[in-house]
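Right after this note come the structures.
In the two complexes below, chain A is the common chain; its partner is chain B in one and chain C in the other.
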Partner chain A sequence: MKNAIPLIWRRIPERYALMGTVCENCKTEYFPKRMFCAKCRRKGRVVEKQMPDEGKIFSFSEVHVAPTGHESEAPYFLAIIELKNGVRLMSQIVDSEKEKIKFGSPVKMMFRKITEDDHDGTIAYGYKFKVV
Partner chain B sequence: MVVGIVGYGTYIPKMRIKVEEIANVWGKDAARVSEGLGIKEKAVGAIDEDSATIAVEAARRAVKSAKISAKDINAIFVGSESKPYAVKPTATIVGAAINSSPHFTAADFEFACKAGTAAIQSCMGMASSNMIKYGLAIGADTAQGRPNDALEFSAGSGGAAFIIGKENLIAEIEGTYSFTTDTPDFWRRQHANYPKHGGRFTAEPAYFKHVMAGAKGMMERMGTSAKDYDYFVPHQPNGKFPVRVAKMLGFEHSKIVPGLITPFIGNTYSGSSIIGLSSVLDVAKPGERVLVVSYGSGAGSDAFSIKITKEISEKGRRQEVAVFDQIKEKHYVNYAVYAKHRRKLKED
Partner chain C sequence: MRKVAIVGAGLSKFGERWDASFRDLIFEASSMALEDAKMEGSDLQAIYGGTMAPGRLIGQEHVGALIADQLGLTPIASTRVEAACASGSVALRNAYFAIASGMYDIVAVGGVEKMTEVSTEEVSFALGGAGDQEWELFLGATFPAIYALMAKRHMLDFGTTEEQMASVSVKNHKNASKNKFAQYQNEITIQDVMDSSPVASPLKLLDCSPITDGAAAVILCSEERARKFTDTPVQIIGSGQASDALALANRKSMTEIAATKEAARQALHQAKLTIKDVQVAEVHDCFSIAEILAIEDLGICKKGEGGKFTEDGHTALNSKISVNTSGGLKGCGHPVGATGVKQAVEIYWQLQGRANGRQVKGAEIGLTQNVGGSGATAVVNVYKRMD
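Moving on, here comes the complex of A and B:
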């Protein structure tokens, strides 16, 4: 699977630095970012905001058969992470012993390679999480 | 002009392989290889780690210890000999990942194992001349050795990052001195997967000559001698050379121990001497002095005379997890898992 360069490029602030948005009117935080507040509609004032880099495991599963391009990484854990501000996102869990990967385990953001095009293509970097 | 270290951070991947495990695979006398190199085990980056991810992790920790906003960083230089892209600067990836502003100059540096210290020198010059407020200098590598080559036993992964500036210094860099010659002790041609080296030629005319000249030249210019320093941190291609060069220069063994990290994580190339320096910053007290001498094949050395300030005792100015605590956080892998993660199975 080839990385779509414009898509990767657009998602750099989100994937590298957990950049999302917040509505200054009702304080609702959005990740991935949304430029329109669903609660306040036209009254919303949405600006960029970095999400917290810590949270906990909300749910998880072990992946034995990985999708194309990730075969050599299996087996690995995928989890829904709940960040400290309540925002949820999906992420691979790295550098964590199997016994420590539980509901509610505290996690911290790490910077890792996400996908890589063959030998001569681009590399997509971004967040993964580690149990602390 | 006072210039120095405002913050620092290191990152060491969690995976380790024992030198004995590698030796056993190649039918070598495991204990003898490990003892000969003075290396027990080495740190290995996972399949999704490269010198850019290591640089980013170290940089994030350095920004934290500096207690500055990444928006005030006006220069980012990354030294590495294992860049993920041959063309596309790692420094751009670091800038985006630490959420800096786009108002910074950037470049990747290359000088074998001393590219990281060359980056520190550039930041010192730019900060001193007020071209920048803060500079971020990084040395990071996922060093590779050809299977069964002597380098495979020592080449490790890791990196360190430094915020260089003129205010809120945790350590003042009193002076720097470099010594450079054209010496073909170690090289990698374009498109070659692994470096080559001149075997025994790497010791006397290369490492020892340049580290000695760097250290002596620095002390001569500072009017100091070995007794004026509390710590000595030379480049560490293995666990033996730094011990020998310290002795040759008249440093007591106890002065190199706090910064001697290669026995536990291998030679992290651009990261080597500066992870050693970070380890000293983890424990050093105000007023203490450190002599650092990096070495890069090809060949050259950069020496730094450093004095710790009282600021280092303030809360949160040392990195959160000390180097020796990062060394303890590990999990061992066998050769097969190591080969998979370092992609040795596909190459050659």
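Moving on, here comes the complex of A and C:
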């Protein structure tokens, strides 16, 4: 799908800086951002909170058949990262030796290009992680 | 609530159907179902059709009305239902509600997907919509990759092996070889799966269900009128549905599909049965790991033992419990919107003793489990023949 410029713009805090939310009532942290706390509902008070940029690999897969827009990257590693606060997110793992991509490997967020539409099109940036 | 039974069933041939359009597939399945029920189209009072992505796959929306139009059934109410790969089962459930409530007596349920009119890349993108567009697909995830992340974690936590996963595909191809409607009617070996090309490690091509054109249809009827159409109606005795986070990362566990557990709990509770009462089950094996998760989450075996349970042959035809006698999504094919309805068709035939060449002996109670996306929707239905 072509990158919609307003969507890229709206997601800048989350995709560039891992901005999530926390419920001040029950302290549950969410990434991506949520409009309200599913646990506390109306009793909750949700405010922005930046997620830690470090975590560990919870699960991973080497993707050989890539979707449109990611063909040139294949094969690449996709992972579920568990951040230091326990919140999980999906990310690619880049700039890491294959042997070091394992369960529990410590990882750190990198700022990277995610997709580009075509030669004259929009470029979308965001997070990828590398093993540290 | 009134009792509801299936009184007729039909399928199109599943496969790469270059000869058949979306409309042709619907006609094949529904005309077979109407003939099976010895019913006239004019007997139908409403239609529920499950289809996931006709907008992306054939450029067509508003397919509820299209179905009624093509079948010459206007002006009856015709509703399209979408829940990704669980669209068919959710359509079936809504038809069930419509009769159980007393609103209608006879309702047709269809499921259809025409997937080979566009490129594989376009199909992947359309199916990707079952996951989270902004937080999974955008980052380079595919559906095989999302299930691969579950498989990898299952291997770590429980010692599940690639060979055990392969044994799901081997079994389902064997069952499909006895099903004339199936896309693949050839048997394969563990080695064939292990040697197939990598898709998203640990999943290989033969761990994955194919791209399929196909349609399925069942006719539902209130209990009072069911015997007018067949001597052996098959009653829906329990139905459950549950939802979960769209994105895998936002779920509590990656080695279970919590929505399956909840839907099964609802369905079995309503049926006043346990999973031990079920002899034949159609489950959602979009990837080999998915069948392992399904049999664990349904309670057919303990959590973590699904790989070994399958490898030991306990889910083969006429073993402890016969799972995916149709060939499942892997062998029979996976036209996504049709799959949930096809599962009901297979159970209908099994409970009526009409599953030629793959009949489960003494099948009294059947179950279907259908998943949307990577587990954000799950539907479980339980069926019993009315003797």
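Keep this in mind: the second predicted complex is superposed on the first by the 131 of 132 C-alpha atoms of A that agree within 3 Å, B and C clash if a C-alpha of one lies under 4 Å from a C-alpha of the other, contacts with A are read in each partner's own complex, and residues count from 1 in each chain.
Here, contacts are C-beta pairs under 8 Å (C-beta built on N, C-alpha and C of every residue); 3 or more make two chains touch, one makes a residue touch a chain.
Remember, it's a predicted structure, so these values are computed and weren't measured experimentally.
Colleague: Could you check whether chain B and chain C clash or fit when both are placed on chain A?
Modeller: Fit.
Colleague: When the two structures are overlaid on chain A, which partner does A:Asn25 contact: first (chain B), second (chain C), both, or neither?
Modeller: After superposition on chain A, A:Asn25 lies in contact with neither partner.
Colleague: With the two structures laid over each other on chain A, which partner does A:Pro13 touch: chain B (first), chain C (second), both, or neither?
Modeller: In the superposition, A:Pro13 contacts chain B only.
Colleague: In the combined three-chain arrangement, what's the angle at chain A toward chain B and chain C (CA centres, steps of 10°)?
Modeller: 150
Colleague: With both complexes overlaid on chain A, does A:Ser105 touch chain B (first), chain C (second), both or neither?
Modeller: So A:Ser105 meets neither chain B nor chain C here.
Colleague: Determine, under the contact definition given at the top, whether A:Ala124 touches first (chain B), second (chain C), both, or neither.
Modeller: Touch status of A:Ala124: second partner only.
Colleague: So which one touches more of the residues on chain A, chain B or chain C?
Modeller: Touching more residues of chain A than the other partner does is C.
Colleague: Touching A:Met90 in the superposition: chain B (first), chain C (second), both, neither?
Modeller: In the superposed model, A:Met90 contacts chain C only, not chain B.
Colleague: With both complexes superposed on chain A, which partner does A:His64 reach: first (chain B), second (chain C), both or neither?
Modeller: Touch partner of A:His64: chain C, not chain B.
Colleague: Thinking of the overlay built on chain A, is A:Leu78 touched by chain B (first), by chain C (second), by both, or by neither?
Modeller: Second partner only, chain C.
Colleague: What's the minimum Cα gap, in whole angstrom, linking chain B and chain C in the superposed view?
Modeller: The answer for the closest chain B-chain C C-alpha pair is 12 Å.
Colleague: Residues of chain A that sit at the chain B interface in one complex and at the chain C interface in the other, please.
Modeller: Touching chain B and chain C on chain A: residues 73, 114.
Colleague: In the complex, go through chain B and note every residue touching chain A.
Modeller: 14, 46-50, 52-53, 56-57, 60, 84-85, 93, 96-99, 331, 340
Colleague: Which residues of chain A touch chain B in the complex?
Modeller: 12-13, 16-17, 19, 50, 72-73, 94-95, 97, 110-114, 123, 125, 128
Colleague: Where on chain C is chain A touching in the complex?
Modeller: 121, 124-125, 128, 133-142, 144-145, 148-153, 156, 197-203, 247-250, 254
Colleague: Could you pull out which chain A residues touch chain C in their complex?
Modeller: Against chain C, the touching part of chain A is residues 1, 7, 11, 32, 58-70, 73, 75-76, 78-80, 88-92, 103, 114-115, 124, 126.
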